[in-house]
Each structure stands twice: as C-alpha cells, then as structure tokens.
Amino acid sequence: MRADRFPYAMLALGFPLLLWGSYWGLFLAPGETYMGDVQRIMYVHVPTAWNAMLALTFAFACAVLFLLRGDPAWDARLEGALEVGVTLSGLLCLQGAIWAKPTWGVWWDWDPRLTTTAVMVFAFGGILALRQFVDDPVKRATWSAVAAVIAYVDVPIVYFSVKWWNSLHQTQSSPETVSRAFHWPLRINAVGMLFLMTGLISLRARLAALRRDEELAPPGPR
Amino acid sequence: MSPLRAALRKDLLLHWRTRAQVVAVYGFGASALLLFSFAVGPSAGVLREHAAGFLWLGLLLSSTLTLAESFHAEAEHRALEGLLLLPVSPRALYYAKALANALALAALGAGLVPVMVILYDAATPRIPALLGIILLGSAGLSAPGTLYAAMTSQARARQTLLPLLLFPLVVPVLLAAVKGTALLIHGDPMGQLRSWALLLVCFNVIHWSLCGLLFERVVED
Amino acid sequence: MTPDPWAIEASGLGRRYGRRWALADVSLAVRRGVRLMVTGRNGSGKSTLLRVLATAARADRGTARVAGYDIRAARDEVRRRVALLDHRSGLYDALSARENLHVSATFLGAEAARRVPGLLCTVGLAERADDPVSAYSAGMRKRLSLARALLQEAEVYLLDEPYGELDPPGFRLLDAALDDLKEKGATVLLASHLLERGRERCDEAIVLDEGRLAWSGPAADLREAGAPA
C-alpha cells in the first residue's frame, strides 16, 4: 500500500542524499580561507537549522489544526513533529558548541540564533514532558496543542530579546554568516535531511496514532 | 456587574483571605536574594552589578508559588468548575485571575526592592520607572503563568511541570526586566530603557490576548 | 410553540477514564417534572452520568439533549438551565458561606443576590453564615452546596448523593427542598444508594451497572441491592 511505504520511501531518499552531501562537503569542497576545516560543520549545521525550524513550524500547524478541527490525527502528527523538532534543535545546539570551541575557545558564545534554539529545546521539550503526565488523551492533545501554539508564537520574541541583550556585548559570528564558497553540498544535505525528517515524523505519527487507537477503543460488548 | 468585575472581586477577595501565604512567599523571595549573595560572595561591587538579575530571579522563583497557589483554591473542591457551570465565560475568569496574579506579583516585586537595596546596595532615584518595570514584568509572568497554572493544577507532577513549562516562555520578560532594572540602578546614558519597556509591552499584548483566547480549552473537560 | 416535553433525552452516552468506560452506553428519556432515581453499585457510573448531562464532563460517545439543548452544540444554554450538586462541593474554603453564595450570585444577577439570606435560612446555616467554610463539617458543606444549587433556579437538577453526610434534620431539609422543586415543576435526577427514600420521593428509577442501563421503571418497583422487582 502506498501510504504504508511513504515513510520508508522518504528515509530511502534521504539517507543517500545526506551521505552524498556530507561526503562532498567534508572531503571535496574547498576549505574556508580563515577557519579551514572547522567551517565544514556548516554543511550539516545549516540544513539542521532549516529542518528544525520546519519541523517546529509543522508542529505549530498541527496544533492549530487540532484546536480547530479536533481530529486526533493532528495530535499524532504533532507528537511526531515535536519529537523530531526537539531532537534536531538539540543537535543544532551541539553542533554550535562543537564549532564554537575551536573557533572562540568557549563552548557557548551566546549567539542569538543558537541561544533561541536552546530556549526552544526547553520550551518544546517541556511539552513532550507534559504529555507524559496527562492521562486523558483528549486533554493531553488539547493541552499540548495550546502549549505548542504559545511556545511557537514566543519564538520570535525570544529571538529579538536575546539579540538585543547580546548586541551590547559582542558580535561573534556563527557558521552561517561566513561566506560560502560552495552551495551545492549544503543544498543536497538540506534536501536529504528534509526527506529523512519527513519519514521520521511520519513514522512517529503513525506510532502515536496506533497508540491512540488503542486508547480510544469503544466499550466492548457486555 | 460584568462577569469580569465579578470574577475580579472573587479573586481579590481570595488573595486577601489568604494573605498569610503572601508573607510566606515573600519570605521565600527574600531568602532567595540572601542565598544569591552567599553564592556570589561578599564583594560589594559584584553584588551591585548583578542586583537586577538577582531581584528578578527571586521574583521568578517566587512566582511559581503564587501562581500554583492561585489555582489550588479553584481545583481543591472544583470551585472553578462550579463557576463555569453557571455558566460564566472562561475568558472573564482568566483575565480576572491573571490580573489578580499580576498585582500580587507586582506587590511582591515591590516588596523585594528594599531587600535588594539593603543586601546589594543597589538603589535608584527613579522609583516610578522601577515600579513600572516591575508591573510590566509581573504582568508578563502572570499572563502565561496563570494559563499554565490552570493546566498543571489538573495534571500529575504539578510542582515540576509549572516551572518547566513557564520558564522558557518568559525568557524575554526576564531579559527585558533585568536590563530595565539594571539601567535604572546603574544609569541609562543612551536612553535604552524605553526599548526594553517596549519589549515588555509587546510581550504582554501578545500573551494576554493569546492566553485569554486559549484558556477555555485548558479548563474544559 | 409547545414546550419540549422531554427534560432529558440521551442516546448511547459514554465516557472513558483511562482504559475504563465509566459510562458505556446509556440511553434514557426523562419527561419534565419527573423525579428520577439513579442507583447502582459503587463505580456503576452514576456520578459520571450526572456530570456528563450537566456538561461538567465531556461525552466521548453518544448524544444528549438536556432542557431542550444539545450538550455539545449548545453547552452554555444547557448550563444556564441545569444545576449540578456534585461530590466535590464547589466551594472556596477561604471564604464564608455567605461569601461563597454571593460569588455565585454576582454571576447570576441581582435577583439571585437577594435570595442568598433566604437560602442560608432554608439550609440551616444562617447562624454560621460568616464562618469560613474551612471550619465546616462535611454535613454543613453539603448543605451549603445544596444552597448553591438551589440558587440557580434551574429547570433540571442533578443531585449526586445529596443525602450523603447529612444528619436527620438535614434529611428533612432536603426532602422539603425536593418537594418544593416538584411544585415548581423542575426535573430532578437523584443519584443515591438510599432506596427507601428513592421509592418515597421519586417517580421513576434506573439502575446502572458497569456504565450501562440495567433496569428502568417506576420507583415503587425498586428492590434492595438495586435489583429490579
């Protein structure tokens, strides 16, 4: 069945693209003038950033749709999108730290985008924690959707406040602000990651939906 | 009487009746400020430099107590449900509760200012401006805080869930309020206070409207 | 337009808590002015049924119309016409009895506020009306909850174990209130284990078992242990 194979098709497309783009970026692309090989992390960092934002935006859309329609399928997708989004955001912070240490000598440089991402990990991760502590499936879905909407709307505010807060101190750069010599490995990785992410969200949503079906089973006969 | 006024009357009456708890929360806040100074060391310069941060951290930690408590009375015997069944508009109940909480937090914040002055030698001649920042910051904590307090009062592990959900969201409030307070204490040569106050206003406008809209979904069964 | 003769019409009502369907499949029809006894063992779904009909709890399946309005589509209209006396008192411990009633009254209108002193007398709390509810015994709280329900002047009253915690004078008080409601033409659903009282004071009865309707009929035919005659 087509629908059944969809996530696996996505994963099958994504993995090779990611491998190809990473190989190209890590070994074949020319090194950056000032920073050398450290800058190559950008080939993973930028796609991760794009896809993390996409995942969380999709989560926001699922939340709004659930609140408007009440269809539990959107809650299942929300769960998948949240998990993948939080994971990618966490990876983003890790990548940022890995880049910052050799470049600036510190693990964390309070770059506004990365700091906002860290806040997002806590905000959206907190929603995943909330889901563990609510037994009623309808309440769990409604509350997660409400929290996801509020958290997402807050993201730009957090970004601006951190940016102003940080601007008084230093203007350190992050991998993206460095001039890029080669776009192609980056784009290939971004698309590869997009396929991977879609496949993972789809699989995760399916798992959540199966669990939901079990919970929502109608009363048995006498 | 409009539902909002009736609800506000109820919430202010509840706050007044449970004012003994306010003393306890104030004690908690003041002892937090004391502990911060122990953690940082007795250097007067360092303490003064970070006084604004300590004040707002103390207020933030105390806010979880106040916010959680505000729904304890509502959930204990299902009183809030009783009101919703009259019926009363959930929006009116939310705004009244959030307003009462904002005032309580502002009073708490204002009460902690003398503690800050004494422990950290951090005062400001611009008292009205400081009270304004405290009010804006308290309102910013109260808007999402009241909604999440309503939510977590019905869930398990409520003591951990409320700060876990609330703290990441109110990062802008913390940053803006700390910066604003620091500018008032140390001087504001470039006139930045206005920008930070504006950020607080924006945060408040967005969250007071959004949370008011969403509150009904949180309290309905 | 002739008024709807049915106070309650429910079909296939169900509500789940976790894995368990507290209410599985309940259908009933109650005419206006009828006093219906709802009985059954502990955990049979009596409280859940009352809460779902009052829109205090959502229905996970089935439909219902209460006082002529759909419990999902016209929830506020249902709430305006229904009063629920629940297990949990719905009271504020920090406030006095008078203040508790006034909190509700301010939302119901000026006329409701005028009824407060009379109601406090009716339920026998006039002397202790200004003591905080935290100092009240369970029986006194029940009386106050009853006053709160009566304050609403509803068309349908859903009373969950109203006799619980009351002393003999309290019983008489409740009986008088039920008679008064009968005169006003209100519909009453009374969930209780006290079969004797049910037979005396109610017109019809239903027995619930594991969330389903096990029996329904005239209240006079009720036997011990909730079994039909």
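A, B and C label the chains in the order they appear, each numbered from 1.
Operating definition for what follows: a contact is a pair of C-beta atoms (placed from the backbone, for glycine too) under 8 Å apart; a residue touches a chain by one contact, two chains touch by 3 or more.
None of these values were measured; they are calculated from a predicted model.
Q: Counting C-beta pairs in contact, does A-B beat A-C or the other way around?
A: Between A-C and A-B, contacts are more numerous in A-B.
Q: Based on CA centres, what chain would you say lies at the far end from chain B?
A: In terms of C-alpha centroids, the chain at the greatest distance from chain B is C.
Q: Whose C-alpha centre lies nearest the centre of all protein C-alpha atoms?
A: Chain B is the most central one.
Q: Between chain B and chain C, what distance separates the C-alpha centroids? Give it in angstrom.
A: 39
Q: From the C-alpha centre of chain A to that of chain B, how far is it in Å?
A: About 31 Å, centre to centre.
Q: Measure off the straight-line distance from the CA centroid of chain A to the CA centroid of chain C, and report it in whole Å.
A: Each chain's C-alpha centroid was found; their separation is 50 Å.
Q: Tell me, which residues of chain A touch at least two other chains?
A: 135
Q: At least two other chains touched by the same residue of chain B: list those residues.
A: In chain B, 221 touch at least two other chains.
Q: Listing for chain C: what residues touch at least two other chains?
A: Touching at least two other chains: 58.
Q: Which positions of chain A touch chain C when the two form their complex?
A: 135-136, 138, 215-216, 218-219, 222
Q: Once bound in the complex, which stretches of chain B touch chain A?
A: Chain B residues touching chain A: 144, 147-148, 151, 154-157, 161, 164-165, 167-169, 171-172, 175-176, 179, 195-196, 199, 202-203, 206-207, 210-211, 214, 217-218, 221.
Q: Which stretch or stretches of chain B touch chain C in the complex?
A: That would be residues 1, 3, 6-7, 9-10, 13-14, 17-18, 73, 76-79, 81-88, 220-221 of chain B.
Q: Enumerate the contact residues on chain C facing chain B in the complex.
A: Per the touch definition, chain C meets chain B at residues 54-58, 75-76, 79-80, 82, 84, 86, 88-95, 99, 103-104, 106-108, 132, 148, 152.
Q: State the interface residues of chain A toward chain B in the complex, per the touch definition above.
A: 67, 119-120, 122-123, 126-127, 129-130, 133-135, 139, 142-143, 145-147, 149-151, 153-154, 157-158, 160-162, 164-165
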